[in-house]
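Before anything else, here is the set of structures, which you'll find just below.
Two complexes follow with chain A in common, the first pairing it with chain B and the second with chain C.
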Partner chain A sequence: MSALLQIFGSLKLTVILLSASMVLIFFGTIDQVEYGIWHTQKLYFESFVVAWQYPAVWPAGDQLTWLRIPMFGGYTIGGLMLINLTVAYTRRFSLKAAKLGLYAIHLGLMLLIVSELLTDLLAQESQMTVPENGRANYSQTVRENELVLIDRSHPEHDRVHALPTHLLKPGRTLDIPDTSLRARVINFYPNAQLVRAPEAKSPANRGVAAKMGVTAIPKAPDYSEKAINTATAYIEILEGEASLGTWLLSNVLDERFPAQTVQANDRDFKIALRFQRHYYPFEIELLDFAHDKYPGTEIPFNFSSKIVTHHPDSAKNQQALIYMNHPLRYEGHTFYQASFSPDETATILQVVRNPGWLLPYVSVLLMGLGMSYQFGLHFRKYLKKRNTA
Partner chain B sequence: MLILMLIQNSPLSLKLLTLSAGLVFLVSCDRTKPQSYTIPKEAQAPATPPVAPKTETAAPAAAPANMQILPGMAEAAQAAGALQFQTPVGWQKQAPSGIRKAELAYNGDNGSATITVTVFPGDVGGLLANVNRWRGQAGLSAITAAELPQVSSQRIISNHRSTYVRLPGETQSILGGLLPFHGKTWFFKMSGDTAAVLAQENALLQFLDSVLIEDPHH
Partner chain C sequence: MKKIIYSLAALLVLLILGRYLRSATPDTGYDLNSFAELPVQVGGRIKPLDSVARNTLLVLAARQKVETIDGQTLSPIEWFLDLTLRPERADTHPIFKIAFPDDLGLDGLAQPGKRHYSFTDLRPHFETINQQFREIDPEPKTRDAYQRQIAELNNGLSLYHRVMHSLHPIGGAQRLDQLADEYRSYLSLLQPAMAELRKQQAGEEYDTELVKTFLGFGEDYLRLSQTAHLRVIPPPAPIDPMDDWLNLGDELLNVIQTGQLSPYAMSYASLTMAYRAGDATTFNQTLADLRQRVAADFPDDIGRVHFERLFNGFKPFAIAIDLYILVFLFVCISWLRWPTTLGNAAFWILCLAFVLHTFGLAARMYIQDRPPVTNLYSSAVFVGWGAVLLGAFLEKFHRNGIGAAMAALVGFSTLIIAHHLAMTGDTLEMMRAVLDSNFWLATHVVIITLGYSAMFFAGALAIAFTFLGLLRRKFDKDAARSLCGMVYGITCFAALFSLVGTILGGIWADQSWGRFWGWDPKENGALMIVIMCAITLHARWGGIVRERGIMALAILGNIVTAWSWFGTNLLGVGLHSYGFTDSGFLWMCAFALSQLLCIALALLPLRYWRSEFGRERRV
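And now, the complex of A and B:
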């Protein structure tokens, strides 16, 4: 065991991991040109292993695309680095005043790695659109989608049964939570184009597809910064072993289209594939949206949203003005001014939830204090030496 | 259990090693899981437009069913010429929103209806595709190009030739004009309960006759 600890706590491993992270960052940066920041982050930094592929657009790309370089992903490097630091820290730890600064620096670094992991695991980012004089109680993210069945039968509330689309693998049958129904995935396309082709043979026999002759043609997903993919699926709904029908669902078949309905034995459900939503126990009302431009130009110098929150506990209601660098922190969420609808009648707020947001500050503070302490110590020694000389 | 025993009986460094390895293992767990939750009753058609980051992406060509309304399209709508019209008697003018250049609402004993005016770049998939899109919304089956004359006629809107279509459905109906106008297509659409829509056809025709679009080309 001590041999294992020696390997995990060795400086050699530190150097290897630092080199591996440089390689990862180098190839990640190259691929970012093609895939955009979001996909690159998933591919390189939120993975255990990754293989870089020679880009087809580079010189001689058509002959060299077989060239792949496998490397460790961010999780492997970060995880090993944390283990390496932890083991080294505890093996060599002894309470000496001369080394307190070093310990603080290392502790700060460990905390930074843990906080990154926590952010990755727990942080959520989404957008909330609030029309002027209207309210919103949910935000959504255009990167992720969900299959939902909504039971509207109750007079006072709706019940949402949601399955994230990463579970939708063709051929798989999934229980729809809290219902007697199951969903069989006939096909799922991360991106597709919907076309009208009444003559085409479609697996769907219910809803919009059957009524309007709409068919999905799969397309390569677009990972660039601003692209929105048309996630589309053919889903068969089963009650027991009986099929209730197959629907074509897509995030472009939204509220502009007639709702698609599943008629189960005891209840009707609205069925849809939509951008993943996060609901909140409070509502945000937009009182006023202001968009100031430099006089005589179309260049904005400020846009702001005057909002009021409506919480079931009215003591928590508050009014706020959200603008650049002045977000609203409310109920564990941060609301930033992100954008607005083109006709300026609705504001778009970026909603960020990151329970670990304080950790990086603590870790940087620890590292800063540790460095100051260590430098201070050396400086004192130097002064002493000079005075005695 | 084994991990707990290991942690209890091992030196500090081994405890920390196990804990950090456990933390790394956590990463491989799925984050979003199937779930059920209750939300306040939602209106059938929420007022909020679909959220989309500000984008320069052009409107997807053709394929009307895939008519994804991106802010780029809405900006094109804003860039289109100004619109003048007279509100028919019995109708209320609503504030234009999102991609809508104008919106009118009617509420009568025979049901309710709305008139919306939208404009998009290009031909948005062509006349047949758009008529079939509207037919789908009215609960009608798609038709072929040969059947188009049965539901459409020519009509002048804002001094340009347009196609006027009548799509009476069982419960919902759509009547309206599609106007190609200097590289863009304007949609004047009355939709709503069949009884109300059919009773208000004259009001729609008066509205269409009163429409004047700003035309820098003439």
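And now, the complex of A and C:
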């Protein structure tokens, strides 16, 4: 046992882990050219193992694509580092002034690893588009999709029943929450192309597909930075055991197309596959959007959105100016100026919910203080030695 | 002996200074300095015509002087005068740099040994060049060397044409000789022509000849407004610094609404006529009047514009480059003979070079009103500055020449890199909105760049260690321990700065878009530097490596830092291109290889180490 502890607490392991992380980060950087940041992050840093493959577009790529380099992913290295640090400090801890800085640095590092994990698991990022003098109460993310049934029978508000697409495995039957309906997944494609082919045999017998002869051809997902995948599904809706029909649903069949509806229990449900939305108990109204450029150029100088929040509890209403490097933190969410519509009449705000957002601040404070302390100590020693020599 | 060496050192320094300070503006009878200081709005700020002349020439000719066909050497502003006021002469100046003229396949163009061609030389080939340009890869990032040359030439010709027409309309010599008269007749035509046009719209009888002449002006000035590159006409006083200036064509069209031509446009016309007539007196008088107007309109900017022109001529970085070479030579000789005297001389020259380097940095900060690092060019200048500061500091304590020599080496290399980065044009450009934060630029960017300085400096010291240990007999255990201590100390310094800088970057990112860490290439590069430092430090503390191992790791740090600084920029993430064809990529690879070679040398078995340190370690 103690031999094992010795290995897990050793500086050798530290150096090995640091080296492994360096290799991981290097390959996790160059592979971003192939897969974009978002997907590479999942492959390399939010995984246990990963293999880098020689890209086909590199010199001699056609002969070398078999070349793969397996390595530990971020979770493995981060986890082992935590163990390494914990064991090392429980075994060798002693309260000495000369080491206080080191403790602070490493405690900060542990906290940083934990906070990165929390961010991976808990943070949500989405975008809210608000037209000038208009309001919005939801944000959406183009990376994730959801299957929704919307009950529009209530005069004041809609009821949205939503299922995230990662549940949509072909052949599965899912209960639609708070209704008597069930959805059977005939097929689901993360990316597809919709074509008009009236003669093709399509599983769909209702809605747009049936009327206009549209079918889906599956495509490989595109992970590059700005790409938006056309998530598409064939969904059969069941009431009890009886089928109400099969619909072709896709996030490109949006508001520009006639709504697809399911009739059940003498109610109409709108059915759709759309970008995942997050609804908020408050609304954001855009009073004014401003976009300044440097004089005589097209280089942007500043974007800003003057907004006001409308909360059911009117004491929480507030006005704010959101601009570069000056987000609004409101009700557990942070709103950043991200972009704007091409005609500059609507602002696009990045909405981030990250319960652990304070952790990195605490951890870097610890590390910064620790390093300054330790460095100061060394530097003083160095100067003293110089002066006495 | 001592006196002789010091005098010799002083003489060499004076020679270098003299070489740069002598080449000031020649006396031609025309007040070139005043002309060079006329303001123009480019890239969001007001700068002197001198900067425009230099940057344009850099882009076209890759140097800041012109050698005319009759053997004269022109300064950038003299060339600019020809270009904008006497274009028929400018067309004969060979200023288009074509590195491989044979590759272009333009019949009769290439002449052996000739790298610069004139507009006149190229005129017969415009059609072909344009044709070739349309056929090459539209995505600049994936072009090969041949395609880049075509694109550069094509864009260069267009830039030349557009800059040429910044101060006068498109037309022949005769038109330019009477430019002020043309404007006056245009202005006098304005009222009657408008009246005739109203008649035409009302369906009444009108003077067709007058309307035709007037519309001819209009079309001509419209074409000019689409061509003219520089915004030389400020809005009427009082002037808001955020207002757009107009180019000459826009101003001439604007007259239709305002009824008044800006006095700036009129003055430029008079300057054109005077210069073409060879009338220096009128030229200088017009210029003096114009200068007075500028001083009245821009009381806050005039000092800065004046300073920028002086700074352009002074070239502190170029002088510093020469001085760094001198320092390095002195130190190398000092290791063979007269160690103290030459060492002292080297130290003081290093200090002088550092002062110049600092002055250049500070001058840029003043001109731009920004912290020191705003783009890749300025980061190169700053990395060198930081390393020289560290080196001078070490040299002051140790006085063994190593600090000075390595400071000179890093200072020299980074300024050379900066010099090449400057070829793309203005290095004092405005910042994109997301980067527009003096606070974060001053903290995060400066600190991370100082981290680069420290990494490169530690790497340079490690290379010095390797060569001294392998070759210099006198290099003993104490010297090795002292040098190793320096590398360790600088690595600690690098670790501190890289970590704090990276952390500040994370906080900035969190403030800007709600993500402390996004794993993007630049962030990853910074993190790799931090990890590299951590590896070196932990390996040392754990006794896993000794002197030579630490040196190998410190040299590896050079590669990691170069990757973080330049390599990540070559990736062009999201564009599906690796920049394999960039010359930057080749340099990056060459650098990495050279460093790997140094690592291999550092790890050579001890029996090849000829120094005393090597012998002692063997037993």
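In this text, the second predicted complex is superposed on the first by the 356 of 389 C-alpha atoms of A that agree within 3 Å, B and C clash if a C-alpha of one lies under 4 Å from a C-alpha of the other, contacts with A are read in each partner's own complex, and residues count from 1 in each chain.
Here, contacts are C-beta pairs under 8 Å (C-beta built on N, C-alpha and C of every residue); 3 or more make two chains touch, one makes a residue touch a chain.
Since this is a predicted model, take the numbers as computed values, not measurements.
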Practice prompt. Could you say whether A:V364 touches chain B, chain C, both of them, or neither, answering first, second, both or neither?
Written response: second
Discussion item. Comparing chain B against chain C, which has contacts with more of the residues in chain A?
Written reply: B
Item to complete: Applying the touch criterion given at the start, work out whether A:H378 contacts chain B, chain C, both or neither, answering first, second, both or neither.
Response: second
Worksheet entry | Which of chain B and chain C A:T261 touches, first, second, both or neither | neither
Discussion item. Looking at A:T230, would you say it contacts chain B, chain C, both, or neither? Reply first, second, both or neither.
Written reply: first
Item to complete: Would you check which partner chain A:L11 touches, where first means chain B only, second means chain C only, and both and neither mean what they say?
Response: second
Worksheet entry | Doubly contacted residues of chain A, that is, touched by chain B and again by chain C | 226
Practice prompt. Report the residues of chain A in contact with chain C in the complex, numbered from low to high.
Written response: 10-12, 14-15, 18-19, 21-22, 25-26, 28-30, 32-34, 36-37, 40-41, 44-45, 57-59, 115-116, 119, 123, 125, 224-226, 292-297, 299-303, 324-327, 334, 336, 338, 350, 352, 354, 357, 360-361, 364, 367-368, 371-372, 375, 378, 382, 386
Worksheet item: chain A touches which residues of chain C in the complex?
Response: 41-45, 231, 241-245, 397, 430, 432-434, 436-437, 440, 489, 492-493, 495-496, 499-500, 503, 506-508, 510-521, 524-525, 527-528, 531-532, 534-535, 538-539, 541-542, 544, 560, 563, 568, 571-578, 580
Response to the item:
As the complex stands, chain A meets chain B at residues 1, 5, 8-9, 46, 48, 75, 78-79, 82-83, 86-87, 89-91, 114, 117, 120-121, 127-131, 134, 136-140, 142, 144, 146, 152, 154-164, 166-167, 174-179, 193-196, 198, 208, 211-214, 226-228, 230, 252-259, 275-276, 279, 339, 341-343, 345-346, 348
Practice prompt. Could you pull out which chain B residues touch chain A in their complex?
Written response: 12-14, 16-17, 19-21, 23-24, 26-28, 30-42, 44-57, 60, 62-71, 74-75, 77-78, 95-98, 129, 132-133, 135-137, 139, 141-142
